[in-house]
Structures are given as structure tokens and as C-alpha cells.
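Each of the two complexes below includes chain A, the first together with chain B, the second together with chain C.
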Partner chain A sequence: MPNILNTALNMSQSVLEQGLIYALLALGLYVSYSVLNFPDLSVDGTFPLGSAVTAVLIARGVNPWLCLPISFLCGAAAGMITGVIHVKFRVTNLLSGILMMTALYSVNLIISNGSSSLFIMSPAMGKIFTGRLAGVFPPVVSKLLIILICVAAVKLLFDLFMKTKCGMMLMVCGANEQMVKSLSVDSGKIKMLGLALANGLVALSGCLMCQYKYSFNVGDGTGSMVIGLASVIIGMTVLHKVKFLKNTTKVIFGSVIYYACIKIALNLGLPPHFLKLIIAALFLLMLIFNNKILKGVKEDA
Partner chain B sequence: MKFFKKSRFFAAAALTLTLALGGCGGSGNQDQDAGNQNQAQTQDQDQEAGKVYKIGISQFAEHASLDNCREGFIQGLAEAGFVEGENVEFDYQNSAADMSLSTTIAQQFVDKGYDLVCAIATPAATNFYALGKDAGIPLVYCAVSDPVVAQLVPEMGKAGEGVTGVSDIIPVEKQLQLIHSMFPEATKLGILYSTNEPNSETQIALYEEKAPAYGIEIVTEGVADATYIPMAAETLAAKVDAITNLTDNLIVENLPVVLEKATAANVPVFGSEEEQVKNGCIASEGLDYIALGKQTGAMAAKVLSGEDISTIGSEYVDPEQSKLTINKAVAESFGAVITDEYAARAEYTE
Partner chain C sequence: MLKLENIYKTYNPGLINETKVLEDFSLTVPKGQFVTVIGSNGSGKTTILNLICGTIFPNRGKIYLGGKDITAMTEYRRAKHIGRVFQDTQKGTSPNMTILENLSLADNKGRFYGLTPGVNRKRTNYYKELLAPLGLGLEDKMNVLAGSLSGGQRQVLAMVMCTMADIDLLILDEHTAALDPKTSELIIELTNKIVREKGITTLMVTHNLRHAVSYGDRLIMFHRGAAEMDLSGEARANVDVDDLLDRFNHISIESGN
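What follows is the complex of A and B.
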């Protein structure tokens, strides 16, 4: 019996670890998809961009904490370009994302100097999970606590930002672009800023993931969009009635719930090739439910 | 009203899960039971007799070669007395080439505290190593072409920290012998490869090193993605007497185009493993992935028997364990010479 309890504890811990790392990705998608109403596909490229930058920097001996803001900035720059393509060159939102995602595939390979994967396993290459901070906590929970600290800090900063005039404009811009224009603010700039913020968060998530699994792979980004969107929708749906929680908190919970579902699916003992179907079914279920409760708020996805 | 909707949602969710469980449970067991018919009868008695080892198998993608690795691994263990259903239980997971899923599966194996984990292909191995290193679960990898670059082991022949395994290496020398024997006049051998697969560059270097001994010169043509393959294949076919494939995934996935362009230029294409010969390549002296898996299984058996994993050196697959496959129809159409020695041990496909 204690064995089963132990396994269950281990599992909830790893669900939290991965769920929280992907929560940053989900926050990014919350900005682009929920706030700005922009289905941004560039995230499939910005997530591994964060990973690639981190792996290269860490291999060169750069401080792993410094990799976090650098990854954020790289992601933000990519998001900004998506914004420029969309706003300045009037390319549709879907296409500008696809363009950016395609270009980033090459960019990521250029960063990694052509190799499809980079490894930072060697203890000589410092990771935030092996640094001085990790030594402060008991080893069993140190990874989780460090991730928690990062995510909490990002969430608080993000919430603060949303309270500024800029953040307010972002909210308004997604809901009613005309309103922003009537306030004589350039809605295009607001969109670019939002996309930069969104992709910065996604790259930050990629940076944490790279340090968590000690490697970068050019395929890391495959499915990021689905993971992030599912988390946003699950969070907003399951917790829609909980009024005292901020949306950002709901999104973070959503990501953890998403990973809990995947864990359960893995544990059901289904043949592995069924897993993606289960994920899709779960996602669909949430979408149907979401459309019922949020009828009229969002018609297109 | 809202409450009603919510309960309906949960009912639907529960129903879906039940259906999924009921529908897939059967096939899942079948999958794991493959090759072990009398498991059900013997399981109960033997579980009491001794320890049942739990082994997690994390396979990175759905791929015929990797499936063979897994099958070989299970066979290799069985040959050493670790038989599925008797004293071994497998948890097989496949991440369908999804990196994030591969990480989740690795984490899952750590959580369950298995006795041993077998990782098939590099991403599966490195993901498990990153997460499971501190948990003390021994990792045996299979089909990791360069474990030193992947930072799993310090150098070939040595084990890493709780990790060892078997690497694949294509039998270049034997393939060259085969090509030379079938087409003694061929002097220029073409290789089409994808520029973002590091393994391909390693394999080309091997070919370039060994080819001069057979009077063969290697001509290469790199492609960045699938759209360039038709053009590159055409260009290459015009310059060479024969083409040989590497284990390059991009090229192998687009084999029909390569074959079409090469055949149009009357140039035979040699495969890097038997599946490609079944799909129209002339012949291959390729890696036997079952043998690779078996060798890994034998290694895992040593670990389970109590040997310290750090003393079990990492190895390459035995180069003698290659498999010759010839496509009869294609060989005849090119008028290839098949010597008696080759004819005796070849496996033919139509």
C-alpha cells in the first residue's frame, strides 16, 4: 500500500512540474488567443527557439538564470516580427503565424549550428535546477520549487503588467479594436506588443523545458499550440465559475489539469498509439463545453 | 440550469473514458502479449515463485526498425531467462515522435520506479536520462547512434552514470562489397542525404573512408527538406553509376521519388535496410534491428541479474549481424551479378 501512495505522490509531483513549465506556454497563448483573439501559430517555433537559445548559451557557460530573460527577449522579437508581418504587411493572422513558424525552424537550426539536437547533461554545464538555489531545498522537491518560483514570479509580473495602461489597452484591443482606435491609440502597435509578450512567455517556457530535460531538439515545438490552447480552454472552462481566481491563475491550473489528464491516459494502460486520440477527444469535449458557456464571446478559433 | 449542464458534461466525460477503456483494453493486452502465447496460464504460479521485474520501454516513434528493436529486446531478455509474463512485466510506451510526450513518458517511468528502463532512439534515451538519473533506475538504450554526442556515456566502450546500451552503425564495408560484387564496373556511388540529420554526415564520412578500397568514388547531394528531393535525385542520378541510401529518415520516407528519378536514369538504388528493398530498392546489406534489440536485451539481462551497470561498457551492434536482402525483379531488370555466395544467404523479396 505505501508503495501505491508513493507512486501517486511522485506522479502528482511530476504532473505539477511539467504542468507548471507548460503553464508559461499557456499564459502566452492566453495573451494571443484569449486576449488578442489571434490564433498565433508562431508558438510552434518560439517554444524551441527558447530551448535552442538556452542550450547554446548554457553549453557556452552562461549563467542559467540569465538564459530566462534572454530567451524571453528572443521569443518577444520573433513575436514582434509576426506582429509586423500581420499589421504592416496586412497578412492574415493565421498566415503570419505560419510564416514565422516556418522561418523559425531554420532559425532554430542556425542557432544550434545545424544539429537537430543539443545536449546539456554534463554537470559542468550549470542549470537552474543544479545551481545554488537548488541546494537550499530538499533534493526531492527542489525542481518543483524552482519551477514554482519562476512561474509565480512571471505570473505576478504579468498580472502587474495587465494593470498598467498598456495592459488595459491589450485587453480592450482584443475585445473591441474600434474602441482602441477611438481612444486614438494605434491598435496595430498594441497587437505587436501583445504578440511579443505572448511569444516571449512561450520562449521562456521553452527555456525552462530545455533546462528541465537537459536537451534541445528541433522537434520540441511540435504540438505546442495544442498543449497551450488546451490548457487555456481547460482552465477557463473547468474553473469558469470560480470568480475570485484571476484568468491567469485559471490558465496555470488548466495546464496542470491537462498534464494530469495525460498522466491518467498513460496510466490507463491503453496501447500508446491511442494517446493522441484521447487527447484530441478531451480537447474536443472541453471545446464543446466551452462554446456552450461562453456562447457569443468567441465564435471563431 | 447551469448545474444541469455541468453534470451532463461530466456524464459525457465519464462515458467517453469508459468507452475508451472498454474499447481499447483488449487490443492493448494483445499488443503486449505478442510472441508470448501461454503467458496467461503461467503468470499466476510464477509470480509467487520469485521477483517479477518491471521494465519500462520508451520508444520514440512508430517506425518499422524501432519496432524491430523492441521485439529483439524482448527476445534478448527472454533468451537470458527473463521471460515476459513469467518474471518480467513490460510497460511499453511510444511517444509518436512527440518530444513533449516523450518527456512525460520518461517522467512516468521515474514515478513508477521501474527496475530498468529501455529507451529506443536518442530522444527517448536522453529524456529518460535527464529525468531518471537521480532516481537510480538503470537505463539501457538501443539505437542511439552517437551516445557520446548525446552525453550519455563518456566514450564508446564505457558506461555512463547508470546508463549503457547498444549503438547502431550501418555495415558500410559490407554494403560496399555487395555493390562492388553486383556492379563490378561501378566507380561512382551517389548518396542523397538530408542536411539536418547529424547521423547522415557521420555515415557519409564512413563511406568516404572505405569506398576507395573498392575503386569507388562517393558523390553526395544534400537536401534541406522533402520538396528538394526530386530535383536533387535527378541531378545525382545523372552523375553516378549507383545510389546507396543511408538511414536518413527524410530520404527513406520519400523513397518512391528517389526510385522513380534513379530508374529513369537507369541507376540502381541500394537500400540501407530490408524495408527499403521491399519497397523497390535493388538490394541491401543492412543493419538487423532484431539483432540490435537482442544485444540490448542481453545487456539488460546482465543488469537485472545484479551486475553493476557502470561496469557494462556501451557497445556497437555486432557488424557481422547484417542482413542481406535482394529484390529479385529489380536485380534482374538491372542485369546485376549475384554471386553464389550472396545467393546462398540472401533473403529475396519480389
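What follows is the complex of A and C.
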């Protein structure tokens, strides 16, 4: 009996850990999809971009904490380029993202010097999960706590940002682009900024995931858009009625819930290579069953 | 002063659906003048307003505002000097923001939207004073989302927002057309009050002939991209709704519809 309990506990801990890491990805999707109203597919490339940059930097002995802002900036640069493609060259939003995603596949391989996966195996290579901060906490929960600290810090900073003039302008841009122009602000720049922020968050998520799994894999990004979007929608529908929760909190919960569903499906005995199929199928199921609720959310937004 | 000089505008030039709307069109509006514009559907009124605001650009011709050539200036840059209220009541406010947030953002127009707090609570009372005289009770709904307001309430809010900053020109495109008669009267009265108090140069397109004759200092009737009638001074003072209807019918018969 204690064995089963132990397994369940272990599992829910890893669900929490990875769900929380994916929560940053979901926050990125929240920015592009919900706030900016921009279906951005570049995330499938920026998630592994964060991982690739991190794997390479850590192998070169760069401080693992420093990898977080660097990954963010790399993702932000990629998102910015998606924005430039869309705004300056008038390519449709979907196509701009697809172009960026495709280009990033190669960029990620260039960063990893051609190898489709990299491992950060040696203990000498620092990770935020083995550093000094980790030593402060009891070993069993240190990973979870470190992830929690990172996600909470990002969420708080993000919430603060959304209260600034600039952050509010992002909200306006997604809901009424004409008003941005009427306020004498370049709505194109606002979109680029929003996409930079969104993809920065996504790459940050990739950075954490790389340090968590000790590896970068070029294929990891496939489905990022779906995972993030599913988390956003689950968060916003399941917690639809909970007025006192901020949207960002709901999205974080959504991510943990979605990841738990995936994990349960895998644990029902399906082999790991079914993962993306499960990701897609779960999302589809949710879309079908929640269509009514979804409509309600859209109208509210 | 607003000046349009020899403007040509053709949509989809060279294509099957090419539409010539303006040919050698000129218009001068002196500073402080309140112009009402009427005209049948498709006569080119919105096209002219879009040209002035920079939503679209002319094929030929020049546009000046306050003596400055703005012909090639982008829409958002022009917006610093131009306020605009649309027929669509959704366009003037952000539905996902409260009244307070909408007003705060409008209050910052022309300045940088950076990393300082978007809402300055100290200004709340000032905003309430702006809203209170309008009699819609908006001042008690500062924390209500604009998206949950009625069309009329949103239009009032849009009107206040776009005249908050100092502007050189106010553009109104059938901004009362989507409202019920009572709200429409309220908005037109508010419009007149703001325009007169601030002495803003104003172009107002309307389908309401009574509004066209009761407000403003100058009346222009459009037909096929030209000013078919342009009255000011005494002629403008003596015109009534029946005269305008006569003229409309006359034009319709001439053009065979």
C-alpha cells in the first residue's frame, strides 16, 4: 500500500513541477492569443530555442541562472522578428508564425552545432536545481520550490507590467486596434512588443525545461502551441466563474491541470511516443466538450 | 485650419472593381468652424474623412492641417492632432478595460506609454467631474468594464476620451446613427457643447437632416465625390430640412435613382 501511495505522490510532484514549467509557456500563449488576439505559431520554435541556448551555455560553464534572462531575450528577439514579418511585410499572422517556426528549427540546430539532442549530464555542469539555492531546501522538494519561485516571480512581474501604460496598451491592441492608433501610438510596434514578450516567456519555459530534464531535443517544441493554448483555455473555462482570480493565475492552474491529464493518459499504459497524439487528442476533446463554455468566454473577453 | 487640395482617390486602380470616388476635390475649413456634412450613401463622405485621418492615402493631391503638410503622415501620428468618433460604438473604447482605465489611457494621449502605472488614482475625481454633467451616471461606474456599457454610454465615453487632449480637428462619422433617437439627441447635444466650449474645428457627417441644419456653422451636401451644396453665413441660417429634402430628390431624379 505505501508503495502505491509513494508512486502517486511522486507522480503528482512531477506533474506539479512540469505543469508549472509549462505554465510559463502558457503565460506566453496567454499574451499572444488572449491579450494580443494573435495566433502565434512561432512558439513551436521558441520553446526549443530556449532549451538549445541553455544547453549550449551551460555546457560552456555559464551560470545557469544567467541562462534564464538570456533565453528570455533570445525568445523575445525571435518573437520580435515574427512581429516584423507580420507588421512590416504584411504577411498574415498565421503565416508569419509558421515562417518563424520553420526558420527556428534550423536555428536551433545551428545553436546545438547540428546535434538534434544535447545532454547536460555531468554534475560539474551547473543547473539551477543543483546550485546553492537548492541546498537551502529539503532535497525532496527543492526542485519544486525552485520552479515555484521562478514561476511566481515571473507571474508577479508580469502582473505588474500589465498594470503599466505599456501593458494596458497591449490589452487595448488585442481588443480594439483602432483605439491604439487613436491614442497616437503605433499599433504595429505594440504587436511586435507583445510577440517579443510572449515568445520570451515561452523560451524561458524552454530554458527551465532543459535544466529540469537535463537535455535539449530539437523535436521538443512540436506541440508547444497546443500545450500552451490548451492550458490557457482550460484555465479560463474551468475557472471561468472564479472572479477573484487573476487571468494569469487561472492560466497557471490550467497548465497544471492539462499536464496532469496528459500524465494520467500516459500512465494508463500508453508508450511515451504517444505523447503528442495525446496532447492533440486531449485538446480536441476539450474543444468539443467545452464549445459552449468557450463561446461564453470569447464573448466576455 | 484644414485644407484639402486637388485630391484624387480611386479604389482598386486598374482592376475590374476600380472605383473613382474623388476627382480634383478641394476643401478648406477655417480654424474653429463646425461643418455638418450630408449626402447619399456612397457619395464619398467616409472616404474624405479617412483621407483626412490617414486611414487611406490619396492618389494625388495635398492635405494640410494647421499649415503643415500631412499628406504622407501615418494615421497614428496624425491622431495626435485629430480626434475621431466612429459610427461603430465599439471603436472608441476598449471593452476589456474599465471606464477609469479607458479615461486614464486617453488622458495620456500624445505622451509616452511606458512603464509607469496606467491608472493615476489622483485623477479619478477629475474624470468624475468630466462625466457627471453628462447625466448618464457614468461617474458612478468608474470600475465597470466599457464592454458592458450600452452603445450610447460607450459613445459618450468615446466622445469625452477623444476631446480630453487638445486637438486641432474633430472628425465625427455618423456617430449618432447606431443609437436610439433619445440617446442620439443626447450625444448630438453633448457634441455641440464640447465643440462650442473648446472651439474645435469639426467635420460631422450625419444622416439626420435636422441635426445638419440645427448644428454647425456650415453645411455641405455631397454627391458623387463633390460638394453639391456648400452653405455658410446667411444662406446656411435660412436653410431648413425641406430645402435639403428637395435638393436630395432633385439629385436622385437627375442621377436616375
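Note that in this section the second predicted complex is superposed on the first by the 275 of 301 C-alpha atoms of A that agree within 3 Å, B and C clash if a C-alpha of one lies under 4 Å from a C-alpha of the other, contacts with A are read in each partner's own complex, and residues count from 1 in each chain.
In this section, a residue touches a chain if its C-beta (ideal position, glycine included) is under 8 Å from a C-beta of that chain, and two chains touch if they have at least 3 such contacts.
All of these numbers come straight from a predicted model, not from anything done at the bench.
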Just checking: does A:138 make contact with chain B only, chain C only, both, or neither of them? Give me first, second, both or neither. neither
Looking at A:176, would you say it contacts chain B, chain C, both, or neither? Reply first, second, both or neither. second
Could you look at A:281 and tell me whether it touches chain B, chain C, both or neither (first, second, both, neither)? first
Considering only touches as defined above, state whether A:114 meets chain B (first), chain C (second), both or neither. first
Have a look and say if chain B or chain C is in touch with more residues of chain A. B
Note which residues of chain A are touching chain B in the complex, please. 6-7, 10-11, 13-14, 17-18, 22, 109, 114-117, 119-122, 139, 209, 212-215, 217-220, 222-224, 227, 241, 259, 262-263, 266-276, 278, 281, 285, 289, 292-293
In their shared complex, at which residues does chain A touch chain C? 161, 163-169, 171-172, 174-176, 178-187, 301
Chain A-facing residues of chain B, complex: 2, 5, 9, 12-13, 16, 20-21, 24-25, 27-28, 31, 59, 62, 92-101, 103-108, 110-113, 122-123, 126-127, 129-131, 134, 149-152, 195-198
Can you list the residues on chain C that touch chain A in the complex? 74-77, 79-80, 83-84, 86, 90-97, 101, 105-106, 108-110, 112-119, 162
